[in-house]
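Each chain gets a letter, A, B, C and D, in the order it is written, and its residues are counted from 1.
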Amino acid sequence: MQTLLNNIAAEMARVTERGHVADYIPQLAHVSAARFGMAVALPDGQVFTAGDANEPFSIQSISKVFALTLALGKRGDALWQYVGREPSGDPFNSIVQLEHESGKPRNPFINAGAIAVVDAIMMGHEPKEVLAEMLNFVRYLANDASICFDHEVAASELEHKHRNASLAHFMKAFGRLKHDVDKVIGTYFHQCALAMSCVQLAQSGLFLVSDGVNQATDSRVVSAQRARRINSLMMMCGHYDGSGEFAYRVGLPGKSGVGGGILAIAPGKASIAVWSPGLDRIGNSLLGTRALEMLVQETGWSVFGH
Amino acid sequence: MQTLLNNIAAEMARVTERGHVADYIPQLAHVSAARFGMAVALPDGQVFTAGDANEPFSIQSISKVFALTLALGKRGDALWQYVGREPSGDPFNSIVQLEHESGKPRNPFINAGAIAVVDAIMMGHEPKEVLAEMLNFVRYLANDASICFDHEVAASELEHKHRNASLAHFMKAFGRLKHDVDKVIGTYFHQCALAMSCVQLAQSGLFLVSDGVNQATDSRVVSAQRARRINSLMMMCGHYDGSGEFAYRVGLPGKSGVGGGILAIAPGKASIAVWSPGLDRIGNSLLGTRALEMLVQETGWSVFGH
Amino acid sequence: MQTLLNNIAAEMARVTERGHVADYIPQLAHVSAARFGMAVALPDGQVFTAGDANEPFSIQSISKVFALTLALGKRGDALWQYVGREPSGDPFNSIVQLEHESGKPRNPFINAGAIAVVDAIMMGHEPKEVLAEMLNFVRYLANDASICFDHEVAASELEHKHRNASLAHFMKAFGRLKHDVDKVIGTYFHQCALAMSCVQLAQSGLFLVSDGVNQATDSRVVSAQRARRINSLMMMCGHYDGSGEFAYRVGLPGKSGVGGGILAIAPGKASIAVWSPGLDRIGNSLLGTRALEMLVQETGWSVFGH
Amino acid sequence: MQTLLNNIAAEMARVTERGHVADYIPQLAHVSAARFGMAVALPDGQVFTAGDANEPFSIQSISKVFALTLALGKRGDALWQYVGREPSGDPFNSIVQLEHESGKPRNPFINAGAIAVVDAIMMGHEPKEVLAEMLNFVRYLANDASICFDHEVAASELEHKHRNASLAHFMKAFGRLKHDVDKVIGTYFHQCALAMSCVQLAQSGLFLVSDGVNQATDSRVVSAQRARRINSLMMMCGHYDGSGEFAYRVGLPGKSGVGGGILAIAPGKASIAVWSPGLDRIGNSLLGTRALEMLVQETGWSVFGH
């Protein structure tokens, strides 16, 4: 495994077409497209790494996996009154589908759906309390108490809030958000501003590898059924309107973030995190996807084979 | 396994809400919603059955899996110039996306995409020749020379061709079909009019279980990579805008048909065919999905667990 | 004319199917559907009335005509960088078209367009200043210094701001609004909360009857060309996706408001205001449209005849 | 008037940016963008001309005005079960709205709507009979028995039928066309292949100038109300998603054709035909619109002024 990761990192270092780093906020725009990190966490707790695997980066939309897990814990199946579970066929920040479907987002991983998930988590609490709970949950998942929000990123997101504010107000107009719009999106931006390294991220995904149990820490996080369902949502919707492409090329449930990270789950095998800030046209990490493709080709970890 | 299938069939027999049988052509409308069949084919050639598992039915859109396989064999990756590989987020017969995306269908399993696949297969040949090749291919996959087209169904489809004719002419207007529209959709309707039993269908899917090899007949049909990719497309797009729901509840690559059949693949485990004519709101077999859900719960065959 | 108005009012009093009064804010919901008023102002200053013609009501979207006039005065043709001049084919509060056309609203009379017009008027000033200017302008047009905002309505609109806030944030995300979103929509809600009677409204439209000149007060408000262009926009877009119907049945440029008012212009002939709170499915006054239809049938004032 | 037309023609001759000649069929593609003709027919029968005013050209979609008039004569208000009367906000050949609105076209002037109008006219007759009736009707309107179909154009349209065939099959799938699709679109293509000169076209529009009466031939064609309603539809929908622009700049009901012709009606004043093959981005004659704009500026014929 270590040799394989070394080979992948070496191969990625040679790539010159590295995609386009997100530039809508300066904190993301200033990250070098040359960065590349990868970590593979096995159920037994072993972690293999390559490149900048210990460098914290803004996990952005990958946080939606943790928020979904938290929301399912609080709401159970009632969560699906807030949000659907179908691919949208539209970009991550699209509002068209909301108008056609009475303000109910298609799935928890497009922005509108993730905002609805935050609203479902809040249950009358203040953003500060909700964020503390989220942070504790992620630290618990990753078994690492050093994980933090990057408040500069959150503040900058808030300055560029308008597209997400539009989504939130639209849902509010349909009575689909229970809390104050500004509080909901403030919480959402903080959630997305979680800073984690590939190692931390890979460890946080271990419960999805082993049917809900983090075997490394010997703790059951969710039921087997729920873990499988979260994986199914990552497979179907985790890369927005590039989800089909990711399934085709990589064949694993995965969730990408605009910071260039991807968390991918090989059930029964490993939790994998990869980070490379350059994005493709859809907004998914260009080299991250390619690295996962290589990994799966060598390991045969695709869920579509055996 | 046999006990499990018996239990499932017994349970399904008790269900009173059986969905709505497709009624756009009399040949489908006259099938009783009471019918239920299921077959599980294992890589070693064993087949377990329950209910009407040997009764041939109209496989309809399930045939798109075989056509896709054939087209990939003829065209390789050039096929993706004809058709995309993303979930559409729209109903199976929608034309909206075609207008927004220059007449290129999102994936090979919505109607427009399947018509484009037929065009890609034709390569200048007449419908009769193309259909003969398709039939031979399916007989080879299922290892059963008795499989036939139901020409009555095909003729009836042709009488109700207008929605599909609209899709085909739209793509033709964008230069995306090379052959005569009437020949393409005539071929398409015949392809969809394949009559197969659950047993035949389950056997025809074995090559997707074992990385491209039908172990029962010891023949390699496609490469391992291609088998995995076909599975990924079935997972992402096999149930139209109900694909997310199917992945969430069943967790297997699958393809449904309006005749009430579903073919599902558990990689490394089994090829499963189920048939129950009553459909849900999206157009997928209501009891077929439920039966698969039960099967996977008992066997743990979801690709999202281990 | 007086006899005709009496007849119309009598006829309208007999109608039992009076439409549905807007109920999204209590101030509108509490208005009785039994109310009906009408006023016809002639270029020479004569005003004929019937029913509740002196009762002030919430003019709502009719105010968009005055805001457009003001914006054209400040910005000239540069206004068309902010907003288009085509019918949208969509409901008044739709956001779909904004996503498809980079956040630029189709015309100044759908909500998104009217919000963009407010932004164009503001030019760095505070809402209070802008509203003072708007009020002065409307008082000047109507030659009536008693016209006021209904601050209760404005406050209530603000509480139900979410759909419009969504439109505004969406445009802001595309850089199409220069001012703070809350200030822009606060100003917009006040503008829409103008309270005017049919008499006041009819008088305020006189400048559009006589090629830009209010002959009753002998003042030129805009150039002849601009008056004609404003009329053309009212004709094409003044009743949202019911504009075709209004043109077909009434044949005059007109602008409706959700409060149940309609201002219609018969060029060279008269400025007509009608008020009846019950709305049709599209959101236009049911009896108001019918009353105008009767008026035009009797007078032959349709612009499409001679 | 003659001097004005001379000036306009001279001005147009100087324009170098002449738009893009339609090139989807050779018969249109081979027409020179240098051509320009104009004719103004007054109610008393006088006709003023400039440029190539006696040169027949393919009137294409302008024929939809005559077909609509014929259909209203046969069906009366029942026609509106076939087709709506609202601007679509979409391009002339769009199919999106059909899917969202159960296959009913928004208005009689977009392609789908015009095809539905042809179906409404057919009433069980063969294309040949229907076309003979159409031709007689247009000859009667224009008072000129020499008008003919250009069969070469019709044949060429048929070869490039696919977009329109798609629209027709789509409507047929919703049960909105009663006749055979091939017969309907065959008839439609012939209708669009009418060849007329500006003089003939201007004369054929006289009945819309004088409330339904062609005063030059002293014949009542339709009722006053119907004439006004046809004018309203031309105003609202006659230039597709450029109708707002035409109303804004010209201010007359008008109908354009892809052959570069425009018929415009100044109620009570004149029927005007202009021809220049170069089109704008929307598909309307670039110089034709400009010439009409000049004419209206000089004559003050806008329906929005007095």
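The rule is simple: a residue touches a chain if its C-beta (ideal position, glycine included) is under 8 Å from a C-beta of that chain, and two chains touch if they have at least 3 such contacts.
Per UniProt, the chains are A, B, C, D = Glutaminase.
This is a predicted model, so every value here is computed, not measured.
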item	value
Label of the chain whose CA centroid is most distant from the centroid of chain C	B
Inter-chain centre distance, chain A versus chain B - centres from mean C-alpha coordinates, in Å	32
Length of the line joining the C-alpha centres of chain A and chain C, rounded to whole Å	47
Approximate Å spacing (C-alpha centroids) for the pair chain A, chain D	55
Junction residues of chain B, two or more chains touched	none
All chain pairs that touch each other	A-B, A-C, B-D, C-D
Parts of chain A lying in touch with chain B, wherever the complex brings them together	84-90, 97, 106-107, 209-211, 224, 227-229, 231-233, 235-237, 241-245, 247-248, 251, 253, 267-269, 302-306
Footprint of chain A on chain C - complex, ascending	94-96, 98-100, 161-163, 165-170, 172-173, 181
